[in-house]
Amino acid sequence: MENDIILDVQHLSHVFRLNRKTKVKAVNDVSFRIKKGEIYGLVGESGSGKSTVARCVMNIYKPSGGEVFYKGIPVCKNREFQKNRKMLQMTRQMIFQDSASSLNPGIKVRDIVAEPLRIQSRKIRTDKREIEKQLEMVGLDGSYLEKYPYELSGGQRQRVAIARALLAKPDLIVADEPIASLDVSIQAQMVNLFRKLQKEQGFSFLFIAHDLSMVRFLCDRTGVMYHGGLVEEGTTKDVFSHPEHKYTKALLEAIPVPDPREERNRRVMKCNEG
Amino acid sequence: MNDPFEIVGIRQELQNHQMQEQENRRYRAIPWFSVVVLLIIVGGCLFCEKFMTKDPSYMDLKNYTVAPCREFLFGTDTMGRDIFSMIWYGGRQSLFIGFVATMVSTGIAIIFGTVSGLAPEWLDMLLMRMTEILLSIPNLLLVIFLQAILGKANVLSLSLVIGVTSWTSIAKVVRTEVRQLRSNEYVVAARCMGGGFFYILRKHLAPNFLSSIMFMVVMNIRSAIVEESTLSFMGIGLPLEIISWGSMLSLSEKALLTDGWWIILIPGAFLVVTLLAITGIGDYLRKELNKKESYL
Amino acid sequence: MRGEQVLYYGKKLLIFIISVWVLSLVTFYVSRLAPGDPLISYYGERVEKMSPEEREWAEEKMGLNEKISVQYARWIRQAFHGNFGISYKYKMDVLEVLKSRIGNTLVLGGIGFLVIFFGSLFLGVVCAWKEGGWTDRMICKVGTVISCVPEFWLALVLILVFSVSLRWLPSSGAYAVGRENNIMDRIVHMILPLTVIVTEHLWYYGYMIRNKMLDEIRAEYVLLAKAKGMKKSRIMLFHCMRNIMPAYLSIMAISVAHIMGGTYVVETVFSYPGIGTLAYESARYKDYNLLMVVSLLSGIIVIVCNMAAQIINERIDPRIRISRQPDMQEVREYE
């Protein structure tokens, strides 16, 4: 049963030190697990520590407390990390929120997509057909190979970022609000794309968002974060049908209903708990 | 065209005209004069064997301090060497030092600036303080010490010394640029994927900050050439036997006594013209790059 | 607020002391590690005829046979009591040697600095005023050409023209022999060195002022002032000038170091008896004690000026204090 769990976050906390006096507790004692092949959604308002969790999981930040186990390896321990460095860097990939900033503006799409392989195997030339296949998988054709990121739209750029993450055949993808900067119509496309890719490739997926409707549609399980803590967790169905925490209820109340008559009669509840 | 209300926005022909104008201005803005002059000087120095009238290092003891004439186009110096040949031949050394010293200092500056820019706050502070202390040692003394440690001066050791003492200002700019670039997510992403220091520097950082240090690098060539000539003139750079524009000018004290104006003026004029040409190109680069920045 | 200020200046002072200490350490070690024989500057030619025993005795007398760390410890102990040792070459207390020279350098550098300070301000404002006109273009062209001329060569040309050919001005020294107290004579001796120092740096800073001024008059408050009917001279001299002043002051603080470096070169060309020639001599001939004092003095001046620039940047200009990002712009514009 143990092998079934790919990511195990235990009592993770992270403190940012602004200066000598001020500290910000961004994440406070967060624990959750992701099974193999599962899509796990992490929701919460901005500033609730979702991105910090993602960055701790990816070893970008060193957490000030707690431990992250990936395939049983405590990745926050420096020695363990170094020992399994190559495997960790290949099988965990990240997708960022702002595709304009996560793709280097001076590099062609083909090189961006090939980057993970190039870093790890030091191959100068990567098979062009492989990259093309990768792009097709995310819905872009071969004509995009020679383009620069600024020639693409936001959705296309995000697809390139996904292609880059997928090229390494990862077991875990961490996506930090990958759809937040896109238009609503594109958002739906992207969520469908994620679903399709996940079915095809079977990776585990940590999906971070503040848009509940997308999470409801995409994720198997959901955790709700509020002020740095994980206030509620469970299968998506349970969380959405029987919210237990006040904040979750407030969040659910805030989802717009696509029916003007019903929308008008709603009262939006506020959550003032500190 | 018949309907006066037909036109909305800029008229098509007007637009074309303006584009043409812009294109023209761009073309004209390139400092052709500087480029051509620099090419002539660099070319002349590289291929000096083809047209040198004398052996530049041969001391013709009968004809010392001869004013410019048919035989000695630019005259001879106080040791009887032909200045015309020396200028082209010595230009090699001066230009070589300019380029190598700049390569050394730019290399150090990029590495140092990137390390400092990527480092955590405290290390960054420490490194910057270190450069400030280094800057506070008078340059002249530093050069004398380094030269003494490296032993007898030759072209390479002098380039090294000049390079090692002139990297700080570029390093500062590199550091600030890197500090801004490193928060870009593509740098974070590359780190996540396991990109090492040099990979990130080469692939993601350098292409983005090169444009902002290009002007300084060109100006660094200029100041390296000036420094070579100043040091050689003062007798702590290249010795007399190694011909360069600086070591040619180090004879000028004697030339002053014998009223040999050509020994001072002609090599100096070459030096100044070269520096002017480099400055012209540098200024063009700065304006070009600034323009791009303001468009963003 | 007061406590914060004390903390701020205390920190600066601490950094200053550490910097000076590291500077002395580096100079001490590097100068001693560099090959060369300090005995030559003391005994001159006689060194070559010395027997090994005599040499050893001489070295012991001057304390040169011990480990460098021991020597440094002794030097710093004595320095705290104001004893910086004797100069090997002049066989006097180094402070005495310094005292006899420093006046000359201060006068030369000080006057040069003042002329550059006001001259570049004037030139920059004039150019910005006549932006694009022929005055502006002329000054810019001439300035660029002059700034390309190496300092020592300009000095040589001036000597060639004014001393050798025309015989109007003396070519070296600070005064003619036996006329130390004649002020006119000293002024005459200073004309050429001063000209070189000023022309070398004037346009560099003038151009900076010009560009800053041009940025400034494109700001919107200028448009408003103009729309209100204010005169051009008033806008430029009172409003724009006040805004560029902090940046200019900090740049000029750093310029002190550059002008000082230039003074050193000029002094050597004109054999002007100042700190520059002293530094050059002592470094070449390993006059250790003198070298330490001279490089510490120059280093302290540079450090103090850099700190002044920093303080101006961080404290005086309120815009920078708010935005908290002084570094980048200053470096950019300064280069």
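Observations on the structure shown:
So that you can tell them apart, the chains are marked A, B and C in the order they are listed, and the count of residues begins at 1 in each.
Keep this in mind: contacts are C-beta pairs under 8 Å (C-beta built on N, C-alpha and C of every residue); 3 or more make two chains touch, one makes a residue touch a chain.
All values reported here derive from a predicted model rather than from experimental measurement.
Distance from subunit C peaks, on a Cα-centroid basis, for A. Centrality by Cα centroid goes to chain B.
If you average the Cα atoms of subunit A and of subunit B, the two centres end up 48 Å apart. One simple way to say how far apart two chains are is to compare their mean CA positions; for subunit B and subunit C this gives 23 Å. The geometric centre of subunit A is 56 Å away from that of subunit C, both derived from CA atoms. In subunit A, there is no position where the chain touches two or more neighbouring chains simultaneously. For subunit C, residues touching at least two other chains: there are none. Listed for subunit B are no residues, as none touches two or more other chains. Listed in rising order, the residues of subunit B touching subunit C in the complex are 129, 132-133, 135-141, 144-145, 148-149, 151, 169, 172-173, 176, 180, 216, 219, 222, 226, 229-230, 233-234, 236, 249, 252, 256, 259, 261, 264-265, 268, 271-272, 275-276, 279, 283. Listed in rising order, the residues of subunit A touching subunit B in the complex are 58-60, 85-86, 89-90, 92-94, 96-98, 101-104, 106-107, 115-116, 119-120, 164, 168. For subunit B in complex with subunit A, the touching residues are 184-186, 188-196, 199, 203-204, 207-208. For subunit C in complex with subunit B, the residues that touch the partner chain are 15, 19, 22-23, 26-27, 30-31, 33-36, 144-145, 147-153, 156-157, 159-160, 164-165, 171, 257, 260-261, 264-265, 268, 279-280, 283-284, 291, 295, 298-299, 302-303, 306, 327-328, 331-332, 335.
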